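What follows is a set of structures for review.
The two complexes that follow have chain A in common; it is paired with chain B in the first and with chain C in the second.
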Partner chain A sequence: MIQPTLLNRTLIRFNLIEKVRAWRVGIPIMLFMGLPCYMMLISVIDSTEPEAAAKNVWNIFNNASIYFLLAYLFISDGLLTGRPTGEPETLNLLFTRPITRTCYVLSKFFCGFVGSTTVLSISVALTFGVATALGIVENPIDSPFILSIIFNCLSFSAFYVFLHSMPSLLGLVSYLFFSGCQTVGEIMSIGYSSSAPTFFKYVKDAILFFNYWFGDVFPSCVDFSLIASSYYACTELIVVYLSNLSLFLFLAILSLSIREFSYGSD
Partner chain B sequence: MARIKKGKSTLYIPIFVTLAMALLLVGRIYIKGPFQTLLNPDAQIGWKTLGDLDRDKDSYHSSLILYDFSADWCQPCKRMDKVTFQASDVVQKVREGFYPVKVIVGDAHEKKSVTDLQTKYSLYSIPTFVVTLPGGEWVYQKRGFFPPKDFIKMLDNAKAKAYFVRAELKLAKQDYKGALAELDPNVLSGKKTIEDEIPILVYFHTLKMLGRLDEAKAMVKKRFDFVYSKKKGAIQANAKSLPWPLPFYQYLLGEIDQDKLNNASTVWYQKADINSAIALDALASNKKDIALKSFHKAAESAYYSSSDSFRLAELFIKELEP
Partner chain C sequence: MSIITVDNLSKHFRRAKIKAVQDVSFCVETGEIFGLIGPNGAGKTTIMACLLALIKPSSGQIKIDGKSPYDFDVKPLIGFLPERPCYNRWMNIHQFLTYHHMLAGMPAKDREKDIKEALEAVELEVDPKKRRVKELSRGMLQRVGLAQAIIGKPKIVFLDEPTSGMDPLGFIMIRKMLLRFKEQGTTAIVNSHHLLEVEKVCDRIAFIRGGKIEHLGSMDSFALQGQDVSLSWLPLASKNSDEIDVLLGELALKHDCKIIESTQESAKVSSPDKEHLAQFIQELIANNLMVYEAKSERRELVDLFLNKGENQ
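Up next, the complex of A and B:
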């Protein structure tokens, strides 16, 4: 019997509670919660410029890899199974307790979002406590900061659900393609040459085309203070953000719907 | 065979996601395509070219020159144009006290001038923003993408630094009273503290040459005590030598000699500060040859032209060399 629900309770319970109880997932999550406040402690104590050191620590919450890793911990089952792209419960769920593919994708997305937001909220609270105890007055906890964390958790969870729903190899290729499109422009800005041969000019143009049109598909951290700074930035960033979110969820549902699961793979 | 029970359909969710995605992708293509033509960031800031800079020499004598090193393939540069240079407070700030020059790296028309500037200001990535005095003396440099708030802060810092560079220029010409007039009165009265070694050295030397040695020493002592209290842990862990920059302050206070100062650090950029301090000391004793030699050493150790020690050494070398 297919459960016609939006979110699956069992899946949520497994990803947010049962999985976290396992040490393989629980320890990294505890580290994510405690590491920023520990860094705040050691950076501020041994610094001649404590305010500047504290500001550097707060920048951790602007780091894309943190959001990506947290989404991985809550969405993938790789750490539990010992296989980086493992998905042991997919077949069990689809065959023994059938749910719709949409429900599976949305439940995973929900778990990734709620899990990473919770971990980061605790982490921010702990870091704020330590910073205040050390006498740091300028802590950047304002509404744009909190909104940025929430929206980053949303976009990275959607991206990871997309990767998780793809077949392993295709997921890896997609990851490499989108991250490549994003970073290639930055790489070119590090080493530039004004006298390159014509052939390289065409290569450069092709790379720039991909960089321009696909470079912002790979999620990067949203900065709400930037969104509020100009009309153009606001329009472009919001449209890009929302279209990425819907694109990832669409591709995740599509991929899971047309994908064939082999009985031998579980 | 299990019978599929009919319930409320959730088919509307994928349909909604698909429609939303299609609509947003169309919006995205519009924003990245035709919407671009509605913007003209250059018209707002009023960027000039290197050619304009040569032509307008008389009109910007009181402004600072703001170079924006950019390129057509540089995404952060485009973001600067779309976001930061669209903000009205940034435009106003730039127009208030800067002569803005956009330098396109790789531009075939101005290739030589661009390469010269790249070498002069040690540019190795873009976007880079360089602020100079109208005479070309380097004041401030930052690279990367800056949101409007940070860019305005950067322009304010550059303005504040410009006074300091003007003081250095006068100091190099041994116009001590002129240098004092350019320095921040809040620092001189002790209301504000300065952190970096070269600015401290400049304040110290100016006061010293004007016969206000006690005042100069009090300023350095205050900074020494502050850093000492912050590095107490490191000092207790290694009682043999004081951590940098404490030996630098000790030298200014006359507590250690040149040899001890030289042995206090092996780090190249700290060597630049050491040689600058030794050079100014030699200059105070009227030993111009030793001063010139030490300034050359400071410039070599500084390596990057975008550093305070390099600029100070360069200004003095220019004045002292026969």
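Up next, the complex of A and C:
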């Protein structure tokens, strides 16, 4: 008798191994692995200040879009199928199999996390190797640096699983809304002026309102090297981080649980 | 013993304001081939989706092997062929069947044997490791879908339009597969528009229209819902063809029969049951029409399907 589990080994195998064998996913992953060390190579060789150039290259690992794209590669089938949202209709058939919706969400989250952490670990190792070979003495690889990568992989995987579990249009709207709350809100908060024309003032107020309440929902990169010095900021960030992580996973499970999969044309 | 029981199942789509299924009740016996037939929009697919726990019923109760369809223990019992081939297109056939074999919780040591058997059962003669799902034709996709449905050796198979996109050889293969299910004691629920295949293989059928079951029973009971008879009589000098037409019309009206076609010496009559037909023939004879032949014609399911549609 099959027992319900939290992680499904079939989903893990197909998302972490079988999918990567396909060139459409395999090549981008190779690029993610190799690009930072290639950049290290050309930046250092071409620069008059190699240490500063190397530092800039290491900043790549603090870029939110890298984490988001890696989570997308391991969680969604979009790149393989040529459809941006993957193949949500395959869920109809999947959920007639002995797999719970919680297990589906957690397995996808696990694949996103393990896949992106592995790719970035290899990338960091390769970049470190190239930097050392080029005589760069300073490197940022320490516990906060590694913790930052792990935490970022976790948060972006959770966020992408949340988007992936929503119906396609709602997922896109959620992405635009949360990213808008964060980025537009931050832009608006700069140069806020009370003498602005009334209409624009209201628009600004509305955007700032959403930024205040939802601006932290869209994951941003956590940098432990920066926050380690401040206890208060660290505590606040970790609370926000953990609440967002659990919220995304909870919403993903909830969304799949209440969704109906009407597959027919009748 | 019933393996599936459905009691007063209703499903309303509130947003679309559609009552897709209304108070539907039926049961399916173990090892039975049960057909769900009806015109487009009748609610067949909605019933199947409720049985598969893909959509939640608005009211009513479903039991599969004594448990709710949402119960985890029910899932390993079922195999499902969807109407639309919503498969993982990027996988090759072997990967796709491996994926579903693993999902069904089948032992890894039997995997290659089970995949081979499933492909043989659906008569798919391609290299499963070289052909991707997205490269397959509609008929081949349907065969892969069928292989997927049986790969977990299910006790209950749900087949939604199994012959969709199939060639005549595919029809024969499906029929053979359904007969094999009967031999093995596997229960099958077949949702189909291809009535001929339903008629030949199903033990019982439910005719659904407007979200309600209009008829439920064996194929024979379904056929007895109506009776078609070809009548022939000796030529009459005393009555011309117009008079015969008038007579046939009057008697048909009197006995709830319908004249499908008529000539001066014969007529094809449809009656609601045997009693009405017997009275109709008796009165024809009483009116000096010397009936010498009455050939009963078993109604094809397709005729009943159309008639039920027309009568609504």
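Definition applied: the second predicted complex is superposed on the first by the 244 of 266 C-alpha atoms of A that agree within 3 Å, B and C clash if a C-alpha of one lies under 4 Å from a C-alpha of the other, contacts with A are read in each partner's own complex, and residues count from 1 in each chain.
Note that a contact is a pair of C-beta atoms (placed from the backbone, for glycine too) under 8 Å apart; a residue touches a chain by one contact, two chains touch by 3 or more.
For clarity, every value in this text was computed on a predicted model and none was experimentally measured.
In the superposition on chain A, A:102 makes contact with chain B only, not with chain C. Look at A:213: by the touch rule set out above, it reaches chain B but stays clear of chain C. Looking at the shared chain after the overlay, A:9 reaches chain C, while chain B stays out of its contact range. In the superposition on chain A, no contact is made by A:40 with either chain B or chain C.
Shared-chain residue A:80: touches chain C; no touch with chain B. When the two complexes are overlaid on their common chain A, residue A:243 makes contact with chain B while staying clear of chain C. Of the two partner chains placed around the shared chain by superposition, neither chain B nor chain C is touched by A:161. Put simply, more of the residues of chain A are touched by B, taking chain B and chain C as the two choices.
In the superposition on the C-alpha atoms of chain A, the part of chain A touched by chain B in one complex and by chain C in the other spans residues 1-2, 4, 100. Only residues 2-5, 7-10, 13-14, 17-18, 20-21, 24-25, 27-28, 31-32, 35, 39, 71, 73-77, 82-84, 86-87, 105-108, 111, 114-115, 124-127, 147-149, 195, 226-227, 230-231, 233-234 of chain B touch chain A when the two sit together in their complex. By the touch rule above, chain C contacts chain A in their complex via residues 40-46, 48-49, 52-56, 72-73, 75-76, 78, 80, 82-84, 86-91, 95, 99-100, 102-105, 134, 148, 152, 158, 160. Only residues 1-6, 45-49, 100, 102-103, 106, 185-186, 188-190, 192-194, 204, 208, 211-213, 215, 223, 225-226, 229-233, 235-236, 239-240, 242-243, 246-247, 249-250, 253 of chain A touch chain B when the two sit together in their complex. The touching residues of chain A, counted against chain C in their complex, run 1-2, 4, 8-10, 13-14, 18-19, 22, 24, 77, 80-81, 87, 89-90, 92-100, 260-266.
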